[in-house]
Amino acid sequence: MLHTVNKSSFERNSLQSCLNIIDDTSVILLIEDGVISAANNANSSMLAELATQGRVYALQGDVEARGISSKVADNIKLVDYAGFVDLVVEHGTAVSWV
Amino acid sequence: MKISIQINEGPYQHQASDTAYQFAKAAIDKGHEIFRVFFYHDGVNNASRFTLPPQDDRNVVNQWAELGIKNADGEPELVVCIAAALRRGMLDESEASKNGIDGNNIHPAFRISGLGQLIEAGIQSDRLVVFGD
Amino acid sequence: MAIKKFMYLNRKASYGTVYAIESLEVVLIAAAFEQDVSLAFVDDGVYQIVEGQNTDGIGMKNFSKTYHALGDYDINKLYVSAESLEERGLTEADLMPLVYEDEDDDWAEKPSIKVVSNADLTKIMSEQDVCLSF
Amino acid sequence: MKISIQINEGPYQHQASDTAYQFAKAAIDKGHEIFRVFFYHDGVNNASRFTLPPQDDRNVVNQWAELGIKNADGEPELVVCIAAALRRGMLDESEASKNGIDGNNIHPAFRISGLGQLIEAGIQSDRLVVFGD
Amino acid sequence: MLHTVNKSSFERNSLQSCLNIIDDTSVILLIEDGVISAANNANSSMLAELATQGRVYALQGDVEARGISSKVADNIKLVDYAGFVDLVVEHGTAVSWV
Amino acid sequence: MAIKKFMYLNRKASYGTVYAIESLEVVLIAAAFEQDVSLAFVDDGVYQIVEGQNTDGIGMKNFSKTYHALGDYDINKLYVSAESLEERGLTEADLMPLVYEDEDDDWAEKPSIKVVSNADLTKIMSEQDVCLSF
């Protein structure tokens, strides 16, 4: 599955809720204000663990819009909208943590 | 692949409709079919033909219209939920005249229909992606 | 037409935002399509089905009774996150007693609400074909 | 006391407008003056005269209209931000004809004006209370 | 001052942000989904402390709508919309943590 | 007309929602009214004034340059929560170098941004007559 999270983990609980329920094979894509959680200092060790496993993506356009490109953790993969489409195609059911 | 989209928020206030548009455009560019875009909740406000954004800003409504998402019969597949639309003052000609309102504001690239169209999109499509607040 | 597994993911309380009631409207329509329907109540979504809601004081429609109709439409898989309940100091006894009649068991009345752990919910979610979030 | 209100969200999607309405009604009942209600962001959608909620639900737009909040000259003090309104397809007759749109949807109990009206409300009122998401 | 908070502290950070900045004389009114934070189990010891000082209010209509009347902490004072107006009048500048 | 102290409370990042840009539009209009204007950037609101925003990839207008105009309108009290910055791994060096020319000091260029503790912000807020939240 592909889980999308579109809000900052500082503001809302949606990333945490996603992490509480995500299974061992699914991936997470951070979009919109969700990319704030991709910055180095984002406060979830579980997200960091998933990133180490190569299972965390972030929308590059949203990262750049917020001026935090240099802050994104190295093992979070940046994708453009075409990459977003590929993730939807490859990972089956899409779950939005809106 | 057949992909459908659900949009829960209106234009400008939230990025949801912008992201969904960029996603839909990229999917079409990659050769996928956007089976249907279903506008629910405040998402119905994306269908207003009255929208007049500033010159230096994008026109969210026209962007959707220009994608020209239609079915084989040439009907628009930008579908606005009727119940959510009436509640929020989004009317096509037929709903307006049925309810005695002297005006209507749905852009012709969109059509009003029932919630069944969302379920059907889920059934008929390989993927359904939700964009919201 | 093939039957798909649809999950309706409810994470917000009623009244503060419209998502709860408009999600319920979709679910009722969905019943006519004879798909496999599950509802998940997670986070503040658990407040949607708390017993004893009274909207007289806020001038909004109390639609909570409508959840009782779900059983009549054969929608009887309402999964409630145990962790979300507990975090909020709620128990199953605080929820509406939602039931359905089981046609495979001589129409016996059975509870529709299943309080499940997040681990169970993970498994249930991973089996879904479509997830509608509100 | 003179009280003004700012509303950031549209009707039905969020409780903001409902709460603001109940607050305004209570303030008037207690003998206070609602100097101005300023509708900003999606709040402008509260002014749609096209709104058709279900029979068993409240009509948020009409509730505001019925409060009849006006100034000494009889002008409505339900004020809709013009920039936010145009962006979202909320038009009065004058804006519609200026922009060549064949319709308008602002309820006559509301008027469109600039953001200065919000600042002025803050200056002229004893209190300004914000309702949002 | 009167601080209003309209979202659940489980969902958003607005109550915490308010608590970070509130001064020693201001009061808090919980409205809309904010009343969820008035329930016994609401997770902020600082809110409990302010409630002990009689500085926390909740809108009764919103509490009842959510079916949590029996869960509200004893020392949180319930008010109706008229009471909301009184709080605005009595406490000077109103700050909304939207 | 009496001068009042207006605070604009910004708690949300730009682009994800409209509040940042529409708040900035109010502030620019407010300048004409010659009131005492302060802006507070708290929580994710601090991202509004991060340097190097580039919206080419999302098809939305980059309005971040407009914050530079505030100084020209004598709006030069931009209070940024030190705790909010720190929690996000940001420092003042990550923010746009917003400045104004001090007419009382021979038009010397001075920084408009003041990074303050939450305790300072408490005091500043308690002095306000009007608080607009977005």
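We just call them A, B, C, D, E and F in the order they show up, numbering each chain from 1.
By definition in this document, contacts are C-beta pairs under 8 Å (C-beta built on N, C-alpha and C of every residue); 3 or more make two chains touch, one makes a residue touch a chain.
Worth saying up front: this structure is predicted, and the values here are computed from it rather than measured.
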Tell me, which chains sit next to both chain C and chain E? A, D
Under the touch definition above, the chains in contact with both chain A and chain F are B, E
Please identify the chain with the largest separation between its CA centroid and the CA centroid of chain C. F
Top chain pair, ranked by number of contacting C-beta pairs: B-D
Between the Cα centroids of chain E and chain F the separation in whole angstrom comes to 27
Taking the mean of the CA coordinates per chain, how far is chain B from chain F in Å? 35
Geometric centre distance via CA averages, chain E-chain D, whole Å: 26
Check each residue of chain D and list the ones that touch at least two other chains. 8, 12-13, 15, 19, 22, 41, 57, 83, 128, 130, 132-133
Where chain F touches two or more other chains, by residue: 15-18, 43, 58, 60, 129-131, 133-134
Two or more partner chains touched - positions in chain A: 6, 10-11, 13, 32-33, 59, 61, 80, 93-94, 96, 98
Each pair of chains that touches, named by its two labels: A-B, A-C, A-E, A-F, B-C, B-D, B-F, C-D, C-E, D-E, D-F, E-F
Could you pull out which chain B residues touch chain C in their complex? 6, 8, 40-41, 83-84, 114-116, 118-120, 122-123, 128, 130, 132
Chain E touches which residues of chain F in the complex? 9, 11, 42-43, 83, 118, 121-123, 125-126, 128-131, 133-134
Note: in the complex, chain D contacts chain C through residues 12-15, 18-19, 21-22, 56-58, 133
Of all residues in chain B, those that touch chain A in their complex: 1, 3, 8, 15-16, 19, 22-23, 25-27, 29-30, 32, 127-133
For a test of understanding, state which residues of chain E touch chain C in their complex under the given definition. 6-8, 10-11, 32-33, 36, 39-41, 43, 59-62, 64-69, 71, 80
